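Naming follows writing order (A, B, C and D), and every chain is counted from residue 1.
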Amino acid sequence: MKKIGLVTSGGDAPGMNAAIRAVVRIACSRDLQVFGFERGWEGLLTNTFRRLTPRSVGGILHLGGTILRTSRSPEFKKREGVQKAAETLTLNNVDGLVVVGGDGSLRGALELSRETDARIVGIPATIDNDVFGTEETIGFDTAVNTAITEIDKIRDTANSHERVFIVEVMGRKRGFLALTVGLTVGAEIILVPEVKYSLENIVRTLEESSAKGKKSGIIVAAEGIGDTRKLLREIEEKTGLDVRLSISGYAQRGGHPTARSRLLANLFGNRAVELLLNKQGKRMVGLQKGRITSIELEQVCKTEKSLDLNLLRLAQTLAI
Amino acid sequence: MKKIGLVTSGGDAPGMNAAIRAVVRIACSRDLQVFGFERGWEGLLTNTFRRLTPRSVGGILHLGGTILRTSRSPEFKKREGVQKAAETLTLNNVDGLVVVGGDGSLRGALELSRETDARIVGIPATIDNDVFGTEETIGFDTAVNTAITEIDKIRDTANSHERVFIVEVMGRKRGFLALTVGLTVGAEIILVPEVKYSLENIVRTLEESSAKGKKSGIIVAAEGIGDTRKLLREIEEKTGLDVRLSISGYAQRGGHPTARSRLLANLFGNRAVELLLNKQGKRMVGLQKGRITSIELEQVCKTEKSLDLNLLRLAQTLAI
Amino acid sequence: MKKIGLVTSGGDAPGMNAAIRAVVRIACSRDLQVFGFERGWEGLLTNTFRRLTPRSVGGILHLGGTILRTSRSPEFKKREGVQKAAETLTLNNVDGLVVVGGDGSLRGALELSRETDARIVGIPATIDNDVFGTEETIGFDTAVNTAITEIDKIRDTANSHERVFIVEVMGRKRGFLALTVGLTVGAEIILVPEVKYSLENIVRTLEESSAKGKKSGIIVAAEGIGDTRKLLREIEEKTGLDVRLSISGYAQRGGHPTARSRLLANLFGNRAVELLLNKQGKRMVGLQKGRITSIELEQVCKTEKSLDLNLLRLAQTLAI
Amino acid sequence: MKKIGLVTSGGDAPGMNAAIRAVVRIACSRDLQVFGFERGWEGLLTNTFRRLTPRSVGGILHLGGTILRTSRSPEFKKREGVQKAAETLTLNNVDGLVVVGGDGSLRGALELSRETDARIVGIPATIDNDVFGTEETIGFDTAVNTAITEIDKIRDTANSHERVFIVEVMGRKRGFLALTVGLTVGAEIILVPEVKYSLENIVRTLEESSAKGKKSGIIVAAEGIGDTRKLLREIEEKTGLDVRLSISGYAQRGGHPTARSRLLANLFGNRAVELLLNKQGKRMVGLQKGRITSIELEQVCKTEKSLDLNLLRLAQTLAI
């Protein structure tokens, strides 16, 4: 192993830059060269890269986004695209590749690993935390903290006006973000795509809450639960309460990574390079039982990570 | 003057609690009693208040929202409502009243001053900064900083994905917030309700921006400029660019006030009590030419504060 | 089990209020009464407490500090003090007690458990993270994030002036905080009490760092490593570099808890009440292998938590 | 006027980068070339500069520090140094120079203006706000907010432990920062270099404060008031209270600039270029009566800005 490639793909997540820095510095300390492919899979399709050195990744540890930039690449979804990317690796004598990204990117990494002899290792990085094989992804902790900082502020307004707020957080398919956010802001109600919500239950909870003397209410909802505007109107109709909607937007995807997102980036980056040096591929680095470990990409891609519904029940009890 | 009343009304703004603390402590240091009416004008309509003392306003200086709570009161919009409020003042021997709030609340203060002998002094507090007679309102600086912190994070994602973002900030009728936010985040384009936007100009600016090598773009838009979803689609159609929308929500109204919002609250609160002690009423405290001063409520209510269009032009030049 | 007591003791940590809320709400949902003893062990020595209800712990989840207040109690260090506290529990028919605090407080909990039939359960909460039996304590993540936010700012100044900064963080005996902070800010050098530092190594590292083109340097030092002022002078003498010292102070102990500190507080609080309901005592709740679990207080108190020196080596490699 | 120079000098202040961006973009929009001299006056002494273009100052608006870096230059304090700098301007045909910095840097700007025909315009940027001729300097608002955010956290700990904290903020000679910080955090006592403090008064205030039921106390002290460690011991001796010291360090000099610091940077930068284009020199841009204006450098350097002692008295009343 002499040269390795590095790519960030899919939606960006805070801590991607920290992962880039970690991979590059660990790799260089082991006498590897690192090629940073730009704009996600586009860089592999168009052979666009830059040499990354310990100095060129200086000063980026704390920055959101990714200096390699990223994109969603439709061409890479077809087999010809994947083969072209594999050729780029061969052309440049790159015999190892680290892929930093979420669900879709790791699936792409698996596809690519089937068309190349280069060893591929994935690093899970997404604010959605919806990757099987790791208890936490790079960026998740940052997104949660960004959202709770915002909701702490909304709580001020909710209390002053004695209103109910629906706060929509990211999560089209999965509710990891909404659940953790809801649990840590003390939301009265948490709505996740995994559990069909019942308007009656929501209404009853809000009425009980009001009867207990609570002056305001926070409903944290993942964007994937359906139309929150419609939900708002329905709640207003049934309860007569004054309800507002706040959509917590793209800021969740940016910003300085938290300590935990940086720490995972350092540890995952380190382990990814180690795996390559040990001639292992088709694997993803992950956090399991609180330890850094790795798992086959195949298993990551075919297994759905389960949401801990006990936490949802705990959140309900904590909101009494 | 023995007893004064205090009320926070309309939309809450960060620094209202600091203003409450300032009014109460200054008043008590001058041997006045303070009655805090609750939930905005509702408290005056229903004679609901609590005695406020230097101790009861301890520990609130840095908190968002208002401990007196607030509301929008339709009843107070009618003359009977205003007269009822005036009677509450008489009933309690309250001979001075400090009203903390925005545009509508100050209008209410003026109405009330016409129905009572009690002296009424307004303190401008709103994140919109749309009050004539003061260069800045309590809460404006905080809202601006909340918005720019959010947009700095969005810029990370915009750069990583090389996208254009429309960020909608508060401001139904006026663009003070959007303008200051746009100028201080380095927005490529700023859209305010005061200036009708031209789709052609937006498209041209984005194309020029792209031609100059800018990888991303931020459009800051006040909510009052029209349907930002529609604008997004139109821009996408005309430019082929990937555009996203982020609605910067109610968090702008909450959160710990910035130093400047706290400072204004302290200075305005101090001056408001001084005015009452000097037997002045029907006035609003304000910041003019960088100094604390006061102005007739009548003039505040009949004059529209003008937006400095030079700043809009400066923002354009700074975005080259 | 009908009545349980709750006490926060020792140095405060962000998330203690979240733990109070969790214990109270879980306990009340299981029909327990909760007595909150005030000012740490003092409350047990003087029988000073207040009834805590789901409502009385509303609105505190996100606040730093502890509403029960805390103190360091010399009297409780003697056996008579402990016995007096035990009598207070008997007097009030309190048959379970949850103790929230760090190292010393948990030791106190163990002592107390030897003098009473009431069941005692500890919840580890300290910014130092120096408690055996849990991978993380409540407050640690918040303190780390407060410190790195500060150091990110110092890095700006360090870069602009091309200077070396020594940043002293809390940790009189142990280096958990300094190590995690150093690793996540990309410190050039990390000094912990567990490893005697060598001035020669520091000087060599700084010189190599400078030779590699680094314009600034950050040394993160736990307060327990010795006199940082002296170290500064020694480094300046040996290197001729311009070195500054910044002491990162008590702010690390306060502030809104991060999501992770709140989450641990929720999960630990929940488990603590469950243990009491299952008639278990003399135990501490903890996080082990990423799971909530519990361990005998006896073992917690007699075992020293080890610092992972591999992380120190990783930090060195990452700083190349 | 074809070419202008730009230099940042002295201690860095948040918003210097925003000022650099503003000067460069305004200048380039008026067909001027901009040479950015590096490391403060060093760049003029050694003729080290880089061409700055609208693109090269992209993405820096929100960053702390200064991309041109800065230094304190002893050589420039001698007349030979100043003459050498003047020669560098001549050599490069630079006929205008914008100097961004504090007190000392503006003095340097004045000295330089006496040795060259190039027009010199100063922009006040320092967290100390101690520059005559402007109500506010770039960076001041950011430093104040950084300090109050820290002290809000310390207040949590102070309340939980019922302690008095001395918080030392920057300000070797002047108390602008300490005064504004103290006023906006609700400090019980504010100590500034301009007013000799009396131990007796401090002790009496703390005792009265305690008698009124205040559980904690914050003393904000400028570093220039003397030895705060000694003060701590004296207060502890006289009162028997538990007092702690927290030194608020270099983080005040870094971090993302606040909206206000950015706004001043934009407005000052714009005006500075305008002055040069209008063939004016030996002036400093400033904020007076809330408006952007300019003043002779000569007057800036020979006049001491006065601290508003009324604010100190107001702070005392507000702390009752």
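The definition used in the following text is that contacts are C-beta pairs under 8 Å (C-beta built on N, C-alpha and C of every residue); 3 or more make two chains touch, one makes a residue touch a chain.
This structure is a prediction, so every number in the text was calculated from the model and none was measured.
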Farthest-lying chain, centroid of Cα atoms versus that of chain B: C
Separation of chain A from chain D, taking each centre as the mean of its C-alpha atoms, in whole Å: 40
Distance between the centres, which are taken as Cα means, of chain D and chain B, whole angstrom: 28
Distance between the centres, which are taken as Cα means, of chain D and chain C, whole angstrom: 35
Where chain D touches two or more other chains at once, by residue number: 152, 155, 159
Chains that touch, pairwise: A-B, A-C, B-D, C-D
Chain B contact footprint on chain D (complex, rising order): 21-22, 25-26, 28-29, 54-55, 58-59, 61-62, 135, 141, 144-145, 148-149, 152, 155, 159, 180-181, 183-186, 212-214, 256, 258-260, 262-263, 266-267, 270, 287-291, 314, 317-320
Residue ranges of chain C touching chain D (in the complex, touch as defined): 8, 12, 14, 16, 39, 63-66, 69-71, 146, 150-157, 159-162, 165, 215, 244, 246-255
